[in-house]
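In what follows, chain A forms one complex with chain B and a second complex with chain C.
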Partner chain A sequence: MRVLAIDTSNLVLSVAVVEEERVLAETTTNQQKNHSVRMMDAISELLDATNTSPEELSGIGVAIGPGSYTGVRIGVASAKSIAWSLNLPVVGVSSLQAVAMNALGFADLIVPLFDARRGQVYTGCYASRGLDSLDMLEKERIILLQEWLPLLRDRAGGRSILFLGEDVRMHRQTIEQVLGEQALFASPAFNHPRAAHIGYLAMQRLQEGTDAHALVPEYLQLAEAEAKWLAQKQEGSVKE
Partner chain B sequence: MAYKWTLAGVEQTQNFAERLAAFLQPGDLLALEGDLGAGKTTFTQGLARGLGVRNVVNSPTFTIIKEYQGRLPLYHMDVYRVGDDVDSLGLDDYFFGEGVCVVEWASLIEDVLPQERLTIFLRTAGDEQRLIELVPQGDRYVRLCEEIDFDARTGD
Partner chain C sequence: MGDIAMNRTNQSRYEQRVMQAYQAHKQSGGPTYILGIETSCDETSASVVRDGREVLSNVIASQADIHKRFGGVVPEVASRRHVENITLTIEEALRDANKTLDEIHAIAVTYGPGLVGALLVGVAAAKAISLARGIPLIGVHHIAGHIYANRLVEEMDFPLIALVVSGGHTELVWMKGHGQFEILGETRDDAAGEAYDKVARALNMPYPGGPHIDRLAHEGEANVPLPRSWLEPDSYDFSFSGLKSAVLNTLHNAAQRGETIQPANLAASFQDSVTEVLVEKTLRAVREFGAKQVLLAGGVAANRGLRERLQGRCQQEGIPLVIPPLSLCTDNAAMIAAAGYIRYEKGEFAGLDLNGVPGLSLSEQ
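Right, the complex of A and B next:
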């Protein structure tokens, strides 16, 4: 079984072709954001390099965000189109979880984090279950970093918290101010998402694989209408 | 400190915008306010010229966002029609991006605009004349206004 995996949801462009026991090819760049120009070429090159004809694919895995809206849409729209045209299942994978996968096997808390501007971050909290999967301890969300850090401290008890992601650098000082030595920071090669991880996460869920038309991005931002509805619901003025 | 000018017509409006463009940096946000026909798109055309954009710039009313390549990328937005759907546009990608953002009818999306910005009010006065007023919010834009003001007073 071969799965094509794609992540264009942030600055990183990563594409991989994976089999059950082997990553056949993977390409990752972390500099230019012209994903719409480069993504199809990257896919084409990897399929050629691995002698994979499109018909040999068993499914598509794609990072569905959070991230840049444009980036998320490039990846998701392309994955849906490819899956639909080849009649394949497509599986959406969290862009945060993809980064968290880099720390598989880490004993304590794993916190992937992307900057979301205005003091906010996209983040979640995971723990490694053995060496091959992650449990979600705190669901993914957009939150003020200043609110997130105390929440993590409570969650962690005395355990360490490993922060992952390219944007961790810009928030490192704040994180250390609140968490001190409880906070750990990964070496650079652990901070960017790798499409191979997305391929394996997708493979695990290929059976339940979504119909191409049903896959939607996960921006992690509440639409204004949703936010208003929730606020009203909390005040008890809306019946479910 | 108020930054106000009276401009004689279309050409002067565009020339003013063209000169203003020379002072812009990546990440700058210009909010354009003015009634229909006040010259928002005209202004943006001059700005685009100043940024070295070669393509024809026209109103993004129907496309909502248009991108142009110049010395800096120019993101020209018209948010008049976005209504409640503003969150789905991912405007932060632009506001915190590498280019200059020009937002027409920006006051309609006050909630999602970054606090720091330069608001440009355009008003018609007489047949051809335009009154232009710059209102800076944040240090970056106060400095920008001072530079523009100095440039305008000292001429070429």
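Right, the complex of A and C next:
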């Protein structure tokens, strides 16, 4: 069984082809944002390098967000279109969980985090179950970092909290101010998502795999215009 | 756009597949079925067109109702809906055409101009299907699509002049032959459709305002003096912002003097000014370039005032005019497939690095 996995939800572009027992190939870059231009050629090269024709794939795994709206859409639109055109199951995987997978086997709390501007972060809280899966302790959300950190401290009890993600760097001071030594920071190689992890998560769930049409991004927040409109509607200042 | 190099030695398997499929189909001499995909604004559309002329299906998932509540198209909302609709729309287009992907010879997709986030959804889907199934990929300019909507109605007769008028565009295009576009003039400020929407808003009409103004104009008399923006005598460019301001000033001054202006008369006068400039510049271009045919294209081609005036003047001048039916004037994928067919015939395929280009110019096509 071969699964193609894709993550374009943030600055990182990662694509992989995995089999049950081994990763056949994985390409990950953390430099240019130009996913629309680069992603499909990267997949084509990966298929050629692993001697895989698209028809030999058994399923697709894709990071569905949260992250950059456009980046997430490029990944999801591509993945669902490949899946639909080959009649394959497609599995959407949380972009946060994909990063959290880097810390499989870590004993305490795992907190992946992406910056969401204006003091907010996309985040969630996980714990490793054995060496191959994660339990979600706190559901994924968009939240002010200042609110999130005390919540994590309560959740952790005395345990340490490992922060993961490329954007952790820009918030490190704030995190240390609140959590002190309870906060741990990983070596750079653990901070970016790897499509191979997404491939394995997807493989576990291929049977329940989503119908390609139904696969949609998880933005974790409404478009600004929709949020405003709903707020006005609740105040009763617009009709419909 | 990274066109596929036919003779490179280090071709990818994808490129080999695409070229093999193309050559095999060319040798067979059979009809060409192109899948068109269009997501440049707020319509998710897919279509199957035979030989660039015959529409087998043309599915349009409109988001108009969603954007109405915001008073205009919200790009982020449009992009989100495109992702939700894209494969469903494509599947429906194939089903309506009674075709499978195995029978499709190329995928033609709008890659600009338009809303970048919206364009990217269609482009990503087209590239994904192209890679997965080894089907040639063609990038199409949205305006080329609007112009080629005419070929779904009547064969083109070159040289010709195309007047493209929509919510986002006002362009006068000269074509010497298939796929050759030369822009003679374009708007220097607002697109004609934009001016319609703004004037409609001033008259308290809902978005999109164009159809409301058009309807109202037919109930009124063009008796409010408004300017015509001809610009320099030899220019084919357009300008509508001055006219829009004149309408707003007229309303404002009347209100200050406690007078009322009949909205129908104002709408008729506004429409008269817009259509006179559009039509007369088109006919001047026809004379200067010896055109054999005039094409009307774009969403505003649905405007009755514009259609009637252009029909009348073309008849007077004895020049054949083509106006597509309404369903082919507004954004749709059949027109994209029709324009893509010209590039298919020339073997001009896009690479997998095709990108959405919001400001794509027609001469790059």
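Points to keep in mind about this one:
Quick note on the criterion: the second predicted complex is superposed on the first by the 221 of 240 C-alpha atoms of A that agree within 3 Å, B and C clash if a C-alpha of one lies under 4 Å from a C-alpha of the other, contacts with A are read in each partner's own complex, and residues count from 1 in each chain.
In this section, a contact is a pair of C-beta atoms (placed from the backbone, for glycine too) under 8 Å apart; a residue touches a chain by one contact, two chains touch by 3 or more.
On a predicted model such as this, the values are computed, not experimentally measured, just so you know.
Touched residues of chain A were counted for both chain B and chain C, and C has more of them.
Touch criterion not met for A:Glu147: it reaches neither chain B nor chain C.
Touch criterion met: A:Ser81 reaches chain C, while chain B stays clear of it.
Look at A:Glu20: by the touch rule set out above, it reaches neither chain B nor chain C. Contacts of A:Asp132 after superposition: neither chain B nor chain C is touched.
By the document's definition of touching, of the two partners only chain C reaches A:Ser36; chain B does not. In the superposed model, A:Thr70 makes contact with both chain B and chain C. In the overlay built on the shared chain, the residue A:Gln221 is in contact with chain B alone; chain C does not reach it. Annotation: chain A residues 69-70, 219, 223-225 touch chain B in one complex and chain C in the other.
The touching residues of chain A, when paired with chain C in their complex, are 34, 36-38, 40-41, 43-45, 47-48, 53-54, 69-70, 73-74, 76-82, 84-86, 212-213, 216-217, 219, 223-226, 229, 238, 240. Those residues of chain B lying in contact with chain A across their complex are 84-90, 92-93, 95-96, 111, 114.
The touching residues of chain C, counted against chain A in their complex, run 12-14, 69-70, 74, 76-77, 79-80, 82-84, 86-88, 90-91, 101, 116-117, 120-121, 123-129, 131-134, 351-353, 355-356.
Listing the residues of chain A that touch chain B in their complex gives 68-70, 116-118, 219, 221-225.
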